[in-house]
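Labels run A, B, C and D following the written order; every chain starts at residue 1.
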């Protein structure tokens, strides 16, 4: 069974992101939290994040830490009101092609297998 | 020409330690300083430290960072009023043998040669 | 009423490659010069604030080099706001009545540190193992966005004012053109060479739209400030009183909750909040600023902070810049030092260094780059995390 | 007059192996419990002090876990006095009038960290190359004395009172016997098992005369304190006022110049200076202390601090200990928590944890280990470098 790159990427039934939502104030965050950063309540429920969104801003990274394949497009996407970080994939990382305001769609891809044959799954966003 | 383990160990004419003495207040320190920690004056002169002293306190180190040969005796020696840190060498690191108040004498020893054949010289103190 | 706090002496070392100096040499150089500038010695200091993020040194280790009088050291870290946080610690000590004089020091050796990206991602693991609160199976830099600073701030700038399409490569490059022009007058800047817009835009691209010359310059440097209570200052010489600079406002803030900032750094809200409080404390407004040193760690950052610091109309930063207002001969000169891109950015020193820049103009001692008649100025720093300081300084009327 | 500052709420997590918790979990556990203990929330906090030496976390990262209200965080480091320095930052903010309530947090994950020795010396260089201000050609640990903490404090203890020959292995082991006896009553201690003198002396020798059980225990843990101004406290409920603990003195100091300390750490002078100032500020004396938590990072340290804190006659620490005075049923109970050797020593948490211990007795809430009728107590911490805090706390009379 493949493993997602982060625990907030659910692979089934269709790949989507899962946020933690504060049961008190409805604030949404990714990842485990001790309390709600907005209202300090302690309980969260899981909510699915829409898999389509609007590209708010981006950069094309040409120099990065050793081992990171460049260039790539890092972006911030508004998925139904939730801010999501992700790469823009499936198109050249070119500011002539990628534009603010474009609609994008969550896509997954293989990050390869580990020594035990387990496949890891990454995600990014593709222009619709 | 051999190289001393620290720059405050002078090897000639006879091995001895060299302190930096504040020209204003006569405070003594080892190593380069930006100013005198006692009176803030900026100038220092070099003074020789007596090579004999009295063992003020010690420990026998049995566990240390990886790569440090144990056990060894680490000690604090009063050399004519100047406090000096050094190992007690030339005797077993045994609290039955090493006692507070004993007189000790600076001794040097080889730390081995580097790849270019340069010998490094360490120092310690031997019971007189 | 608690005490007003003043800057009695302040110093910034030359920034750049200081290969012959270790961290403590630079810290000592700044501290000793600040003390001399103040006309006092370590004997007069009752508290120390100290910041050094990458050197593993402490205020106590500096004291061993310049004077051990037993005074406490508050060794602080707050990303790029580290130096200014050290200053705040000294201020609080004075305001609380625990001290009447103290020294804050910020220092960094950063020359040749390379890009401030995320960690080396290294080679992949033998077995995918989820780690941390996100259950990440690898370093996420480059896979889920970027953790490199040039790219983060590129996105912040590209998002300005609902992604105004005019917030583009050329605009940001023109902001850097201003920085590299201003720094030609600053003998302490790491880079003092003028750069044309073409040179800047043709420099190697680090993270679009930031080329190399649009990124803050890693360099070595230190800065130190001697602070004094107003009642103590009034007992000192007239010359000391005349050269002293009043700290009209000093604000440190962190990110408040915003939904977007959970995923992506929000340098705007915290800066806005700090600025609002600073103006309120100082009783002055943005229009009163004769010069502003703001945290232009990347060209795009400068644009958003025009707005965050209310130097322009809300949403009007592009027009504001295009009007020439922020050039040294404009209405509100911004980063006349050359800013972090050409003056340089030795991280923990920056928070005091930009206060030094403003103070030096208020003292009318800035030489060829003096902003004539400067009476009020602002120094702003933000470090991701986030921590932000805003200081408003005023010329002495004593 | 500046504000008096009180502890409104305080908490220490269980110390020990907390494998299921990350650094922020522990920090959040302590902070949320301290807030609950205080009867307030993050909304009431106006400032944060934060200490975490080994975890690379900041107060801002904790705020993201427990509440982001935009308040500043003073992220501090001061070796073993880190937690208490974080508390001082909050105190100064309150005393200066910038805040009326704030929270200080110290946290460390240290379980399994191994000996706190110097750095790994690694293998020798290809070429001897002098480095640093001493021109050292190799790591000096083991070659010019030791940089291991157990050995440093062994020498400090063996030098007590002009190397009094009674300051020997057995004496120090008997001090640890007391610690390991006291901790049997402390459900939060990392080690709660009683140890006989023979067990302690036959434990593996780390650095003579310190065996393993005479060294501070590396462990995980956190502690947090909510501080409040006296005028704000007077507006709160009677129950809050009754349980509040007064900070009668809070002193942070560094090493003053002493010739000997240039080469070898001097934990005594700085502790003496801080204690003298603390007694003066609080208007009480050593004889008034109903309990003392002092920094027994190693058994030998406890002995010298009896003297440094003036708990005994000058030079009289051995007789003082031999009299039984520092056992929990003695005249001046010392480290009734079990101290760092058995309660444990998560470095940055320690400075607040020992204040929690004293405060808990002053509140008469220490359960089976309660020192009956405790009204005044002291908490002392020292970190090499050196930084030392001394706090004197008093039971509420509100």
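The definition used in the following text is that a residue touches a chain if its C-beta (ideal position, glycine included) is under 8 Å from a C-beta of that chain, and two chains touch if they have at least 3 such contacts.
Please read these numbers as outputs of a predicted model, since none were measured by experiment.
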| item | value |
| --- | --- |
| Between A-D and A-C, the pair joined by more C-beta contacts | A-C |
| Longest centre-to-centre distance from chain A, chain (CA-based) | B |
| Averaged-CA centre spacing for the pair chain D and chain B, given as whole angstrom | 32 |
| Separation of mean Cα positions, chain C and chain B [Å, integer] | 43 |
| Residues of chain C touching at least two other chains | 24, 63-64, 67-68, 132-133, 257, 262 |
| Overlap residues in chain A, where contacts from two or more other chains coincide | 33, 37-38 |
| Complex interface listing, chain B residues touching chain C | 33-38, 40 |
| Footprint of chain D on chain C - complex, ascending | 2, 22, 24, 48, 58-61, 63-64, 67-78, 85, 88-89, 91-93, 95-98, 132-133, 252-257, 262, 270, 273, 385-387 |
| Sites on chain A touched by chain C in the complex | 3-8, 27-33, 37-38, 56-70, 72, 74-76, 81-87, 95, 100-101, 111-112, 114-116, 118, 120, 122-123 |
| Chain A-facing residues of chain D, complex | 24-25, 28-29, 32, 41-43, 63-68 |
| Contacting residues of chain C [partner chain A, same complex] | 115, 117-128, 130, 132-146, 148, 150-152, 154-156, 158-159, 163, 165, 169, 204-210, 257, 259-260, 262-264 |
